[in-house]
Amino acid sequence: MTNPLASATVEIEMPFHDIDVMGIAWHGHYAKYLEIARCAMLDTIGYNVPQMRASGYAWPVIEMNIRYAAPLHFQQKIQVQAVLVEVENRMKINYRIFDLETGKRLTKAHTIQVAVSMESGEMQFASPRALLDKLSA
Amino acid sequence: MTNPLASATVEIEMPFHDIDVMGIAWHGHYAKYLEIARCAMLDTIGYNVPQMRASGYAWPVIEMNIRYAAPLHFQQKIQVQAVLVEVENRMKINYRIFDLETGKRLTKAHTIQVAVSMESGEMQFASPRALLDKLSA
Amino acid sequence: MTNPLASATVEIEMPFHDIDVMGIAWHGHYAKYLEIARCAMLDTIGYNVPQMRASGYAWPVIEMNIRYAAPLHFQQKIQVQAVLVEVENRMKINYRIFDLETGKRLTKAHTIQVAVSMESGEMQFASPRALLDKLSA
Amino acid sequence: MTNPLASATVEIEMPFHDIDVMGIAWHGHYAKYLEIARCAMLDTIGYNVPQMRASGYAWPVIEMNIRYAAPLHFQQKIQVQAVLVEVENRMKINYRIFDLETGKRLTKAHTIQVAVSMESGEMQFASPRALLDKLSA
């Protein structure tokens, strides 16, 4: 099993503006839910967007995969869990979305990010020390 | 090679409100670009959202995968191509995003949708005739 | 002074995807913050969107006005207050956004909604009893 | 009558992801439609966001007012017209949204922006020469 390097869980309530004409959260909005959990996780290691920029690196998402098992409805409360599972050459984060009330798992997802030097614009093939130092701290 | 059952290409210009603090289109917005191309493709076979509903089926997205090879910038013009490649048991659509000026491929993606009966709420393990008839028409 | 008929206050933290290239929340996103507070207020009187629909009326927004006094930044925590101030012929709601930490007022806004019969599609020149009964309950 | 200093009109087709559970474009999305027209208008005078930043000024929106006369539906095509009507101390832009097919006016709006020095962070009580020079050019 993958040993989590860092993790965080956030609670979100489905707002009206995320609900589509079929009465469910439009699938594209899930990228926001993942990001809120990801930022909370990055805060636990002190390497969220401001610290990334201060370290000289942007970390663009190069892959996002979402598997939707069950829809979300207006005012439904969910838990979104973000787990950091890879850091050596890239940052891979796994996500699970659960119904807050029943605990049922509704969605699985992952994102992959790589470090890009803000000075040279070059993609880094190994994660910079700035991230690794945060994790060993 | 997969034989395309239907396809469409749309042009989109990156609006200011899709650009994040790093100066690139936020990765979550791509779901919109894919959808605009998907709807254009579905219009070519006469089975877009209104016709889906009229046929008694919702077609929720059950998987979305996006691989971002290069970022998008403010006012950049892109072509988004949607190609229907599977319909028997589910609808699988492949996408490519190209820079309009250079033709360079910037993003690859796919989505998978399944038919759900709006009456019973049950997922269909084979695509309903409503879709297949449109394709043979 | 206008006597509030109902009110609610919610807390929101600025997510990364709402921040634009200037480093502040893009002005268009505020409609979401107002709506989250409005729905919380409507819940206090038991007349949120599901109850509106059950009563046979849609309540489209016919006017939105927002005055931005100070910008919002990534991870800034705000309080959004929604106050129902008019119901006889239309629903007018006033909003204030405050910085959670300092209490400084950052934004003023209001929205106006009118009842539209979902059956006839006709705009109602007096608010339907469904709303007024909720307020007197 | 106010003499337009600059203007532009854009065409937009309502995408699926802007449509809410009532089957109409959610009112908050209109800020995007206005912005697309505003950016097109600013391009005609060569003072869009990149030129604003190059001139040392941000131009945050300090007021947005939208009056919705009729709803927008999925795949409806609209024309959005942006007209620059004030520039001396602030930039005021009026908007009209029309149905493309019938020419019926659906929405009226305006936004007000002020120049803020990116160096000092101070709001400018008179519009900087950078803007005025563009208009006299």
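In order of appearance the chains are A, B, C and D, and numbering begins at 1 in each one.
Just so it is clear, contacts are C-beta pairs under 8 Å (C-beta built on N, C-alpha and C of every residue); 3 or more make two chains touch, one makes a residue touch a chain.
Keep in mind that this is a model prediction, so the values were computed, not measured.
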Of B-D and C-D, pair with higher C-beta contact tally:
C-D
Cα centroid separation, chain A vs chain D, in Å, comes to 33
Between chain C and chain D, tell me the centre distance in angstrom, where each centre is the average of that chain's C-alpha atoms.
23
Provide the C-alpha centroid distance between chain B and chain D, rounded to the nearest whole angstrom.
29
Give me the residues of chain D that touch two or more other chains.
16-17, 21, 28, 31-32, 35, 49, 74
Have a look at which chains touch which and call the overall pattern line, ring, star, complete or other.
complete
Of all residues in chain B, which touch chain D in the complex?
15-17, 31-32, 35-36, 39, 48-50, 74-75
So in the complex, which bits of chain A are touching chain B?
21-22, 24, 27-29, 31-32, 35, 49, 58, 60-69, 71
Complex interface listing, chain D residues touching chain A
16-17, 19-21, 23, 26, 28, 74
